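Here the chain labels run A, B, C, D, E and F in written order, and each chain numbers its own residues starting at 1.
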């Protein structure tokens, strides 16, 4: 079997991802439409939360991607630091804006949800707070990529930032827990407690989560391709200027 | 190493006061708080420990770019990197110099400023202790940030952006210790955690800083 | 259209904002991808021509 | 002690600038690098100093034996001339700075703040720093910039003395330094060629 | 003049985001406040207008040294001073560029951050108005401070020290307008005074800045 | 258009460095300043450029007619070569930068970020700036630092063309520029003497 590292070759990656991407994108689109339409039109209201429960189909999947996007960047950074495959560094770079957007979506939907449920847009609840901190990490990571001109230098710096940042993100999570007891409990939603209550909510939620994962993958592939091409173009232009 | 420390301290004194300026900034930020939130004593007393911690943190932050950028600009950093000292040692010494010149004066000044904000009497001890335990972490983390942004012209703001989220745990525990101290609650657990963060940061971050610096120098 | 009751504003605005953000992200990614592809092709051709 | 460079390739900003460079420098020898602007002399010196990785080839020298002097001098304006030298001397575990002061005629200036020196005086201080490192291999990037003819002579004498003691020097310069014993290496022939074909991966470097 | 403005804006965008970074700092300062004073909503709502004003002020402050120091370091300022534009015009354009790249984004972001601090609903309008009226004064005063400290390496902290006292009147009136707005009291008088300060500063300070700059250049 | 300097005295850091300096420079003439390191050439040029007041004597030239090029080049690393030049051109109400690009062989580099230039290339850009100022009097402080011989020739040609068009130039340098038509002024004889006696007021300068 061919080694998985072959796909770390930029050309090979471009070829493979070109083949996969249309399918992935179509799948993501279908899943997204099915999940959201199902959730929005064909689920009943919760007896306590009324129609706001429909927000869950955006809120939870985006929160999921926001966290796991960072995790993916961490893994990609490690691969870059250890094996120095350019594609993985560029994939991390490509994922950052997606993760940041997902964080914003989770924050926004959460805030909008919080207004009717908790009577406030924002509370300094541990989970919310650590999400805000995660957003700051995304911002810093993106800003550092943008500020450094040389590509390899930027890749090295951001990778190390990602490592250190991950450690501190976990630290903050625990610190915040110590600091304030929260409002945000999954249990506030009826389905969350008694597992069998609500396949009505649960199934469309699953579809939405799958859709967001697919969308994330498709976007990462697409943006990684773009980054690869941008990188190659910079290299070609530089070479052209030299002669 | 000692030569480097002595040089950095001397430069801080000569350069129109590394000592004085962090302190002055701290003083002014704290002094501006009553102007911005209004002068009621009860309110001020309530937010005093937090404001003092935040002020100290910002004063530290502002002086971070002096840690490495000056040496970068005039080429000293290139020369230090080829000197017979490991880069890890260099960044540690730099962090130490930053702590001595910036954080230590803040710790000493904090009680005085506490008076301005009507900090309750029992709060002073724990304020000082929490600052003493927490500020070394600020210097070490800050040195990491400075190493990350050293090649970037006027990276001061970027530096702040990168470093502040890293400061969050330190700030939470530090301010919590000071606040609990002021309110007469138990502080041991939080103080212990603060100490653990500081020790961890001092033990591990110099390696990250040196690695980042090596990347930036090439 | 399902009956959203008094929370219509909240639900609709969160759907609206989220879908807008997702569309923006996807649109920008696609736009940049297309532009970069074209630009790279141009550069590659030029490099090839000038040997 | 010998500097052996074999098939060295160096890159700057992601582009190869020199390749296939080989030379040997024995104790007591000096090498003068020549080449038009932008040909890669500065890059080569930084690679030799270990500040930047090479992209091909081998260099036989350890980082602990080189002293590098770049366009920037690493001088602190707020410290006096003597303090600046003392610092670098202590860092390299040397004690004596008088020899360096003397060699570059800095005695009269030693208590002056380095920030209040003229361009040429600053450069003299930057060169004097080399003498307190105790390192055998000097890498100099356009060392005589803004020096007057007298100071250039002092510099020449310092280099000769260094070579006499078994030291080595690699010097990038555009003007004639009057170092009779030094070999000259023109880097122009080693300018990196375009890679043939369209090696996709290579364009990444 | 327009050439200079365009160049400064372009540089701000290129340099890894003059726009973004001031904003990010503002966000972070505001986000750190609850960590330091604790998470109670009532307390936060009470200090929100003041904290927002103080945060905007600090974000402005941090980017001040970019106004002139970069041009000083690479010699551009010498050349600008010999260009056929009066120095007063140059400092005014620089202040304007600073306002556009730094202060304006802060004004736009302030309401969003108000949510984080649970600012009462009626407070938003006056918060924005007070910032819009007050921040030009911050930029102009800051340019004066930047001109004063331009020759000094890493004068950032000294700059803060010099500028902060000058900021006090602006802060007092600005925060007062925002606070009264949030509490539903009358704001006219204070807003008028704030406007007067801004107009005065814009009319007079460029001359002082140019004079100071001339001294520093020689 | 003429530059007349009469009994000029200049000071640096509160100490007089040159005094009693007089010369006249007519249209189409160039003056080369020579003198050992620290003799006050840079200071003199800054006074002529109006960046620093003189302490004695008169200068007949208005600030609007000088273009000064110091050790630092005033180049923004984040802007491209062309953008840098365009900016200075627009500031001086000129339009055309192609002549400047051509004169210093910067055509091939015009889209490169100025931060990614080598030392000599940067210097060439700094000199090209002079041509877009449209000013008649050029004040140049060691202009040929880090230039290779080809670029020095370009520089010589640019100066000659400038003089031909009725311009003037004052150039401080340590090396020979090969400008045959230029007069040379050695500043050493004008070095300020210690004031005799103990004139208390004078020690204030």
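Everything that follows uses one rule, which is that a contact is a pair of C-beta atoms (placed from the backbone, for glycine too) under 8 Å apart; a residue touches a chain by one contact, two chains touch by 3 or more.
The model shown is predicted, which means the values in this text are computed figures rather than measured ones.
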| item | value |
| --- | --- |
| Least step count from chain C to chain E, where 1 means the two chains touch | 2 |
| Centroid comparison with chain A (C-alpha atoms), farthest chain | F |
| Busiest interface, counted in C-beta pairs | B-E |
| Relative to chain E, chain with the most remote C-alpha centre | D |
| Interface composition of copies chain B and chain E: same or different, split at half | same |
| Chain centre separation in whole Å, for chain C relative to chain A (CA means) | 16 |
| Whole-Å gap between the CA centroids of chain A and chain F | 56 |
| Whole-Å separation of chain centres (CA-atom averages), chain D against chain E | 45 |
| Gap in Å, rounded to a whole number, between the CA centres of chain F and chain E | 37 |
| Overlap residues in chain E, where contacts from two or more other chains coincide | 15-17, 21, 24, 28, 35, 38, 153 |
| In chain A, residues with contacts to at least two other chains | 133, 136, 139-140, 143, 147, 149, 179, 232, 236, 239, 241 |
| Multi-partner residues of chain D (at least 2 other chains) | 13, 71, 194 |
| Of chain D, residues touching chain A in the complex | 13-17, 192, 194, 200-201, 203-205 |
| Residue ranges of chain F touching chain E (in the complex, touch as defined) | 46, 49-53, 63-64, 66-68, 70-76, 78-79, 83, 87-88, 90-93, 129, 133 |
| Chain B residues touching chain A - in the complex, by the definition given at the top | 144, 148-149, 151-152, 155, 158, 161-162, 164-166, 168-169, 172-173, 176, 190, 193, 197, 205, 208, 211-212, 215-216, 218 |
| Residue ranges of chain A touching chain D (in the complex, touch as defined) | 9-11, 86, 149-152, 231-232, 234-236, 238-239, 241-243 |
| Footprint of chain E on chain B - complex, ascending | 15-17, 21-22, 24-25, 28-29, 32-33, 35-38, 43, 46-47, 49-51, 53-54, 57-58, 62-63, 65-66, 69-70, 152-158, 160-161, 164-165, 167-168, 171-172, 175, 179 |
